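Two complexes follow with chain A in common, the first pairing it with chain B and the second with chain C.
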Partner chain A sequence: MHFDAFDRYHAQESFVHRLDPRVKTALTIAFILSNALLPDGAWLAYGLAWLSLLTANYASRLGLGYTFKRSLIALPFALIAVTILFSMPGRPIFSFHLFFWPLTITDAGLLRFVSILIRSWLSVQAAILLVATTRFPDLVHALEHLKVPAILTTIIAFLYRYLFVLMDEVFRLLRARESRSAAGAGRRSGGGVFWRAKVAGNLAGQLFLRSYERSDRIYNAMVARGYAGRLCTLNPHELKSSDYFVAAFALLLIGILQAIGRF
Partner chain B sequence: MHYSPPPMHIPDGFLSLTISILCWILSAAVIGLAISKTNKSLGEKQIPLMGVMAAFIFAAQMINFPVAGGTSGHLLGGALAAIVLGPWAGMLVMTAVIATQALLFQDGGLVVMGANLLNMGLATAAVGYGLYRSTARQSKSVKLGVIGVAAWLSVMTGALLTALELWLSGVSDLKVVVPAMLGVHALIGLGEALITVSAVAFILQTRPDLLAEGSESAKGSGAWVYVGGLIALAVVVLSPLASADPDGLNRVAMDLGFIDTAQSASGPLAGYTVPFLASASASKIVAGAIGALVVGAVAFLIGRGIKAKSQA
Partner chain C sequence: MPVSHARSEIKLEMNGEEVLKVNELRFAYPDGHAALHGVSFNLRRGEKAALVGPNGAGKSTLMLHLNGILQGGGEVEVGGQRLTRQNLPAIRALVGLVFQNPDDQLFSPTVFEDVAFGPLHMGLPEADVRARVEAALEAVQMSAYRERLSHHLSVGEKKRIAIATTLSMNPSLLVLDEPSAGLDPRARRTLINLLRELPITMLVSTHDMALVQELFPRTIVMDEGQIVADGTTAEILNDEALLTAHGLEKP
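Now for the complex of A and B:
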């Protein structure tokens, strides 16, 4: 498997790509926090937040479709919030029967439901923009600068490095299962659900052992090349004047969004 | 390769800020404890090991088995990670997995990540390991049986926590969200239990030394039995209670200040007075202070920008 099969980084030469990863990470989190703070029904603030996302998207030269397509990932979760359509007390605007169940959508419920969806959608888009314009190792390095404990960032860096290797291992295991799961015409292969679950569990156990033994080899190889408990990087992150200006501008924008949303 | 997210990751926007921050504080405290414990007991060798193990959990979530009608069972891994790596290392590994899923795939939000860590990484590991640890001197079949129950309960714990957080955030109705989450995850938990049991059985058969006396897995303190047992008990007691008596829980949450009594009375904006700061004037003062802070930060950044420019 190619190493970037999972990677969401979108190589491009742009202003946003060149921004310092720390600035991008901090601003993304600030933007998402700001979304969480906006009240329900602050349509103007939502609109402006989306407009600023579109601007950032334009500046990063990703193309509109790119973030839009991926921003739908959180949509299935909306199902969990559907009940507030009916449960919030308010003026009824629409009634119907689901089988024998009378349901009434209230204006307050609809307002809250739509607001939750919009806030969530805006937040997801910001996160997509971050990973599409920042290489994952840079992102991890930025987290380290932002005081995430080194042990966690190192584990995450290893996870990212070996995920692709272990995915190959998974594909080998699954292919081996497939190739031994032949069946005669009209007959089902394999046993019942429990038997199939047991096989899947065995595969997981096998994957564990292979990963475990591989980690031994990895460690030995790293020590052989001079590893002393710390990962080093060649590109130290340095904040340029443009990074400061962008951070200041974005922070100001978030402050204005909050002011518009609340007053 | 299609990446299908497990259904428990909460996206940004679905939890109130208060609940998000409370969950972050709780998760950060537990993770901090896990870091100090592992730093004490593990050498530099264990860091690559934990990294590869995190990749293992991530990859193992892709192993599935067909159940019926196009659905398939698969692993979440919290209990398995804690059982094979020991509780603290298991928690750190799950933290890395959940953080990567949120960062790389937007599977779960960033501001709500504290809640996702708590639900799927920390609580599952505590329940899974606690119950497993109680079987230290038991026979293999008892061990495997308890592991099955532990894995199932770990998923139920995560589901109940998720449901409660959503309800406390005013996003979902208690009498719907608890039975719905628990119902769905009772089945998902069954897949989790089956895979976890046979994975551990496989490891016991091929590499018993990894789980034997003296291994990292067996080093977790006996106190885990109580921690895991208590959480499991709370889930078993609270689940039927939440479904049978939602009004009682609602009242408790209102009394504690999680749910604003006004939320249901005076419309959409009511839920947004900061709890603990009930009066309007206090909220205004806080808003003013935050505004001043933002302006100060902006001025500081512009100053640094100009300085960096003149140096360049």
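Now for the complex of A and C:
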């Protein structure tokens, strides 16, 4: 298991990859905001938003269905909104009993639930596309230039680095446990539930200590090479005319989406 | 609209023959454990010295002081300049520290980015950064590895890249912590040849006494936070009593 196993960046030569990370980040945030602001049941606007996502997918050369496939993993989180189905007052369309609990789905509830589902799904896809087409250091850099406080961007950058280090460590610990989890002849392997829980707890504690000490060493290595609180990258950040053009076009599109959704 | 970053203005020139002066260095860790009890020594320009001693002698702690990662009592002078908070960034460019575990040192996704990290954070312009990365990778004979992922390299390769990450900062003093630990014989041989050919002042902590004998004219012996011997390697390796007293072996 290695560093790049979780890296969502997909190297590709494309127009979207070459866009300035600041433009991409700002537009993604604008797109997500716009989705959140669209009213319920604005189907045409949803459709158009999805179309623009598809266009961006296409332009990024990652394949039309790229963000769609990857967004499914985030979908279960939208289920938090499931209570809306039953709690919105409206015309009942379907009733059933969950154990002793009478539940009724209303039309207004269904409308809102589906709308939330679609909007969150669109937003997740935009974020996936951003991460897939922008190298992580560039993304952090873009956030810095967009005036996100340095403490936040630094935390994000470190979280990203240590995530992989942490995973490596977890697998090493698990491997060490596996290799000593033997079973005697004719006996079941492992002790009681409490004993196992204790072992798992020790593993977690070990993991914390090791990560903590490693983070110290990594930080030392960074400081030794001149790190002073902000990450630099070699990629040029100069807004080209194409960046301005894309930004203007996308903002116009978002404006149109809002207009269509509202009127 | 090009974005410019604040650049470090402090420049340090190397003055005099003494690249490094350490005077009465003392340090205790926050848990109260005293690691250094007054350490003093000098390094002349071009000198290559080995730092030996048992585990826990304070070698690594001493090394972390040389570019101000740890700051204890006493004085550290690099290139005739006393290390202070103000000139810390400049000192860090002069002292290249190579850590024992290359996995701690190689934290960027690709080899190129890792080697570029130092020069980038020194605020050099892009062309200079690229030139320095090329030169550093050339020096450790790893030019072909530019776009590789650091995590996919062998330990020997990682070690050499780790050295390149500090060479790219054009240091005046290279400080290595146990460079030959965990290397197979071939990787160790490559490393020894590399260290021999690098024309830089060097302080190398190691348990590899064969390496000491082969590479370093001078040896500093540390034990329990103090320097217990400092002289020519031949002298020290012939002093059986000294070696035994501090848990060392003649190669």
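FYI, the second predicted complex is superposed on the first by the 226 of 263 C-alpha atoms of A that agree within 3 Å, B and C clash if a C-alpha of one lies under 4 Å from a C-alpha of the other, contacts with A are read in each partner's own complex, and residues count from 1 in each chain.
Definition applied: a contact is a pair of C-beta atoms (placed from the backbone, for glycine too) under 8 Å apart; a residue touches a chain by one contact, two chains touch by 3 or more.
None of these values were measured; they are calculated from a predicted model.
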{"item": "Touched partner set for A:R225, first chain B, second chain C, both or neither", "value": "second"}
{"item": "First (chain B), second (chain C), both or neither touched by A:H145", "value": "second"}
{"item": "First (chain B), second (chain C), both or neither touched by A:L234", "value": "second"}
{"item": "Partner chain in contact with A:P39 - chain B first, chain C second, else both or neither", "value": "first"}
{"item": "Residues of chain A touched, compared between chain B and chain C (which is higher)", "value": "B"}
{"item": "First (chain B), second (chain C), both or neither touched by A:L98", "value": "neither"}
{"item": "Which superposed partner A:F245 touches (first chain B, second chain C, both, neither)", "value": "first"}
{"item": "Residues of chain A contacting chain B in one complex and chain C in the other", "value": "7, 136, 161, 214, 218, 222, 227-228, 239"}
{"item": "Chain C residues within the chain A interface of the complex", "value": "1-3, 5, 8, 64, 67, 69, 89, 92-93, 95-97, 99, 101, 104-105, 107, 109, 113, 116-118, 120-122, 126, 129-130, 149-152, 165-166, 169"}
{"item": "Footprint of chain C on chain A - complex, ascending", "value": "2-4, 7, 135-137, 145, 161, 214, 217-218, 220-228, 232-234, 236-239"}
{"item": "Chain B residues touching chain A - in the complex, by the definition given at the top", "value": "1, 3, 5, 7, 9-17, 20, 31-32, 35, 38-39, 44-45, 47-56, 58-60, 62-68, 73-75, 80, 84, 92-93, 95-97, 99-100, 102-107, 109-111, 166, 170-173, 176-177, 180-181, 191, 194-203, 206-207, 210, 264-265, 267-269, 271-272, 287, 290-291, 294-295, 297-299, 301-302, 304-309, 312"}
{"item": "Residues of chain A defined as touching chain B within the complex", "value": "1, 5-8, 28-29, 32-33, 35-37, 39-41, 70, 73-74, 76-77, 80-81, 83-84, 87-90, 108, 111-112, 115-117, 119-124, 127-128, 131, 136, 139, 149, 151-152, 154-163, 165-167, 169-170, 173-174, 193-194, 196-209, 211-212, 214-216, 218-219, 222, 227-229, 239-245, 247-248, 251-252, 254-255, 258-259, 262"}
